[in-house]
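Alright, structures below, take your time with them.
Each of the two complexes below includes chain A, the first together with chain B, the second together with chain C.
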Partner chain A sequence: MTDVQDKAVSAPTAVAEKSGGVVATLFRFQSVFGLLAVFIAAIIFSPRRDGEILFVSADNLANVVRAVSEIGIIAVGMTFVILIGGIDLSVGAVLGLAAVGSAVLMVESDWGFLPSVVLVLAIGLVFGALQGMATAMIGIQSFIVTLAGLQIARGLARIWSDGQGVAIAYGNGPNEAPNSFAILGERTFGGLVPIPVLIFAVVAIAAVVFLRVSAFSRHLYAVGGNEKAARLSGVPVIRVKIAVFAICGLLAALAGIVHAVQLNQGSPNDGIGYELDAIAAVVIGGTSLAGGRGSVAGTVAGALLLGVLNNILALNNIESNIQLLIKGLVIVAAAALQRLRPAS
Partner chain B sequence: MRNLKAPLATAAVAALVLAGCGTTSERTSDQPQAGNSKECKGADGKYTIGMSQANVAEPYRQRMDDDIKAAAKEVSQFEVKFADAAQDNAKQVADVENYITQQIDLLIISPNEAKPLTAVVKKAFDKGIPVLVLDRKVEGDAYTGFIGGDNVEIGTEAGKYVAEKLLPQGGNVVELKGLAGATPQAERHQGFIDAIKANPKLKIVADASGDWLREKGQAQMDALLKANPKIDLVYAHNDPMAEGAYLAAKAVGREKEMKFIGIDALPIPSGGIKAVEQGRLSATFTYPTNGKEAIAAAKKILVDCGTIEKTQTLKTRLIDKENAASIYAEENPTG
Partner chain C sequence: MPQAAALVRMSRIGKRYGGVQACRDVDFTLGAGEVHALLGENGAGKSTLMKILSGDVTGYAGQIEINGSPVSFSGPTDAQAAGIAMIHQELDLVPGLPVADNIFLGRELRTRLRTVDRRRMEREARALLERSGVDLDPRRPVGELRIGEQQLVTIAKAISLDARVLIMDEPTSALTTSEVERLFVVIRELRRGGVGIVYISHRMEEIAQVADRASVLRNGQNVASFDPRTLSTAEVVEAMVGRPVQTMFTTPDAATGDELLRVENLALTPRRPRPGRRDPAGISLTVRAGEIVGLAGLLGSGRTELLETLYGVAPGGTRSGRIVLQGQQIQPRGPRHALRHGIGFVPEDRRTSGLVLFHSILANTVVSSLPAYGRLGVIARRMERSASVRMADRLRLKFGRLQDEVGTLSGGNQQKVVFGRMLLTEPHLLLLDEPTRGVDVGAKAEIYRLLGELAGQGIGVLLASSELPELVGVCDRVVVLRDGRDVASFSTADSAEGDLLAAAMGESAVFEDAGGAQ
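Showing the complex of A and B:
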């Protein structure tokens, strides 16, 4: 009992002190240091024009974060799921379902901005919760449940959209989405900061704070650390699992709304393969796929690292096939570093 | 859980405050039509061209890139860079943004889909970068020129060929369609059925969707062969599906009873021209990659300081047993 409690409490905050020393700290902030290293490398290898380092131009940095904002939002939810030792393969398909839903509701059904967004988020939340129930109450592995969920969400998106991309035009007329929705895809602070970046930032900060202060956080790490022990020590394992999958579904739906507004379209093919990018961000962020160990901050750093890497490879026009190899190697390297990490 | 309310509320308020700091719209920019606004340096300049491809996993699109590369080699002032969006609209938006950051001199784009790419193409165009759009269009007119094929015309040519040359005596036709919902699929279908009306003895007895894929075409044809004892012609919306249908017929020993025609005629070893040359397909119709024409247009804009037509539609060509070998050689001059 005490052992479990101890582990649950210490995992998020006290790994460094416990294993002691600089090495442990380095490992704990592995993804942040990784991000820093990639960032510096990007500055060094950035193409220049008239003395200007193109990579660090404000416009480009905004592009980098904008490009990973959807994956980042999904990856935050994915972190929760992986922390309890689960996986969610359905997030890309839920993103597609949410993108289609936003477009169909606002364009074809002429719903207002708020009701559409609320319904779409609710769909994501319920979809996630149902997956959580299937895995927590029936005991099917989350890999299988969400693999099925992926198919179901994709099928629903196809049915809802008639298999076609639904184009989004803005205005007050019939078959136009309200202008208030368009704002989500624009830039603020003098046209510099894309709103999707702000949404990602808010989600990330809320998640970090949530994991720091809520009692739920201890339960989450406990379930991930040792589910049986957690159950014996009174942690409501089933409720925790359902809540975690519900959060993940909700965030995937939020990413879908952001996706639709950024591309002015909701297509049933949106988000194919995004679950893998999100898992990659979580892994690079140092969260253990075995559960019980990791952090949202690491995931955010992991997502940004992938974004910077994508950007600098593209700015240098590295061939797309080679880019795939490099990204694969980075993921393996991050996972290898985790193996070297001293046990907490 | 009660601890959670305060931070969440703080975050929500922060979001509202931040979002309220004033937004600017990229959509309502009313700058004058640009695209040629930069001073033309002509033949003395060096030019970087960015090519944004929708998905090189499709052989047609890989060939488009290859054609651009080959044509650009002939223009000493050009250096072409390539990006692949792997069929993801969001990735392609980022690709174009990166090209804008790199301050390329001309953008060539073959969009994955029209609507999602329109805004970013306009952004490039408004920054004074000439934009050539290939194969699939974007919305509006914020681009310098569009170069593409005409799928209705291709379907019509295929229908005419069947009605007049291949089956003048009439017969049963099976149609293998491309991906449902895709514009080329609808257009290749429409052109064909309108054209075969000229020969009332031709009848479409069955159709199925092969999603552009060889294996799907094969599986669909397996079923169609069982259901239809007499088939005289298979019209497939692209060559891979025609080849798949051929394999299905061959597996049950019926490939000699019927003829197969496809579309695309890629001049690559696994493409339709070779299939015609080797006798599996009776004919195929070229769907131009537009690569050569794009570089010619880029040369006109950048090197010759000229203007190009807003829309350039390329004609299709019939490939049959007689011209297959010579056209393959012509399209692959270096072997």
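Showing the complex of A and C:
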């Protein structure tokens, strides 16, 4: 009986695969094609000045990527969490905590560049790991755990900063951050690539490689695909979950450092709502919220797509409220496309 | 008893699923006020026949008449409208909703203002439950109830439909003795009211108590019909099994090695009670290297729970007794621990517990043995590929590419992937739970061949199965469990399927002293 049902279920899939090679490919890389489509649309609708298409000017493109680098870094971590079937709502707050932390440590506590960055990254890592423990060992849903984590991180940031934004000035004197920190915010690397973009690129490439070659990634996909089967197969489910939340926390803290250096301050209100943009980038990138299916490459494309969209709307002076509406529609459209994906 | 005009007459019913003929020219009748027991092994076609009657299965051959007029159901709703209700083996209740809401699900009672009339629903539910002899608060969420109580709720729900035909598929599998007694009172009352009841069960003594007639199906065909009160278990079992053990079984190699696993008086008292589960309550057995030991027993006898305890996935609680593996006492802590000790496990339901259906064959095959393919946590793709290919060859896996989703394979081939994954961990002891469920005959034979091969290499196998021919054909020895205890042990060389079935069913006449021995 079961066997018969198996066949009934698998038959249509087989047919879909055979008849839909091209379609399947289109769907598989939907986020890349989506990005391409939005990019072309951006060129078409871009305002021009003296015949030059403003959107594709080197400065503007660098700005696009720079604007998405923080969300992009967070979204890479979010992809890991969503791949195991979880969610992390705390990333925006952890970003704020890290921004405040960098500013306070370097400006008010006169810590050096390296110790500050290391401590802030460690805070993000531990914060994420603790959330991972709460969800993996106690069994609370990650939505709840990280909703609580969001409040806690935000609270810690306010306490640490006395509720004030901490401005970062550079120099060698007291209450000044070391100049080495400023380098992180340098406009360019090799005269072309902004440093935050470089950090985003390194994180993204490392994540892609990690997910391709590591044994850990197989475990991660298995946990997201079928947690019970993974456990019975000897996958260390609890360890995988803790590690994934720790990675996500670490990357949120890294994004917080980038944020602080770009704005020359750390405020406890930094990063509000960033978790939602990160989730949107992951979803547009084709990663399934049910877990076990998706990729970092898709997420990068998703983040860039959102960035291009924001940029072209801004270039055309479209009101920010309308921008929100359009962004919302794009997310729904991306999710709808995923539903249409040939059964798999 | 009453044999009035046929309430239901099913003639020459046939149903084919792909290559499997589930039912072939089956005739079945049910009179008003009759309890007709339907017997047969798993896969004999009982459920298919009844699903056809209840409208769950369509596209069959043959004819169904209700009260003499032909009917054709296009779905369960049609059958319900014709007064046919089925109590499924799998309970279809919403755990979060109270008992009363479950009983009236989809046909809620309304007030004049069209709002849900909670009070009336609760009142009527209470009356229904009382009629069914159940003492339950209709406001309690179904999820809090024991499986047995849930079963009673589904029965009350079915009764509330005022059906003329009631199909009960193993209604007592999780009930206590006193609950069974009360259910029988209800059944007799329904019978007096002219309801026809189809009663599917494996329990011989229940059938003798409650049924007016018993029919046996085998391989999708009628084979016998009995008056259950004049019937001996031996006769029924013979009719159910009724065939020489098939040659598809590899004759096991008698030469077995040293003792591999010894379980002494294993018992588990979980910290929290587990409704519907039968944790080990004193099980002793041994498995020697190269030996295939079967675990027989009815649903709820504790086979799965024993395997889970040995694999370390049973719930926390107090464990007593000893588990000795290769001369060393072990306390299984979990799958990783068990796998490190060379214990592999193939779970009962490969779809929910075995595979990630939408992941590739490759990923599913290597997931338990990953660290072996590469260094420092980096996978050498060529190594894992070659391991996967080697296993696919060995298991004669039928597949397109290793990248294909495992869910596209047939049931038998999916099962081979789960097997292959465990074999790649190089186990000494394999725990198998219903390894051939839902597997076609060809793949079955290959799994049996594989088991013989593994035993030949000195791997010990503990095989839980509800298919008696399989147990007798594949195993060297079979241990029968009942109520979480081992009640009998047979060497398959000198036992027949009937002995096993009788011991599992608790027929003391056929197997004397079995229960007392423990």
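Following the convention adopted for this analysis, the second predicted complex is superposed on the first by the 321 of 344 C-alpha atoms of A that agree within 3 Å, B and C clash if a C-alpha of one lies under 4 Å from a C-alpha of the other, contacts with A are read in each partner's own complex, and residues count from 1 in each chain.
Basically, a contact is a pair of C-beta atoms (placed from the backbone, for glycine too) under 8 Å apart; a residue touches a chain by one contact, two chains touch by 3 or more.
Note that the structure is a prediction, hence the values are computed from the model and not measured.
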Which of chain B and chain C A:216 touches, first, second, both or neither: both
Chain B versus chain C as contact partner of A:225, first or second or both or neither: second
Contacts of A:234 with chain B and chain C, given as first, second, both or neither: second
Which of chain B and chain C A:197 touches, first, second, both or neither: neither
Partner chain in contact with A:265 - chain B first, chain C second, else both or neither: first
Partner chain in contact with A:35 - chain B first, chain C second, else both or neither: neither
Chain A: partner with more touched residues, chain B or chain C: B
Doubly contacted residues of chain A, that is, touched by chain B and again by chain C: 213-216
Interfacial residue positions of chain A with respect to chain B in the complex: 47, 49, 54, 57, 59-60, 63, 67, 70, 162-165, 167-168, 170, 182-183, 186-191, 195, 198-199, 202, 205-206, 209-210, 213-216, 259, 262-265, 267, 269-270, 272-273, 310-311, 314-315, 317, 319-320
Chain B residues touching chain A - in the complex, by the definition given at the top: 1, 3-4, 7-8, 10-12, 14-15, 18-19, 21-27, 56, 81-84, 86-90, 93-95, 97-98, 101-103, 113, 115-116, 118-119, 180-181
Complex contacts: residues of chain A adjacent to chain C: 1-7, 9-10, 13-14, 17, 213-216, 218-219, 221-222, 225-226, 228-236, 292-293, 344
Residues of chain C defined as touching chain A within the complex: 17-18, 20, 22, 43, 47-48, 311, 313, 334-336, 338-339, 345, 347, 352-359, 363, 366-368, 370-371, 373-374, 377-379, 381, 405, 407-412, 414, 421, 425, 437-440
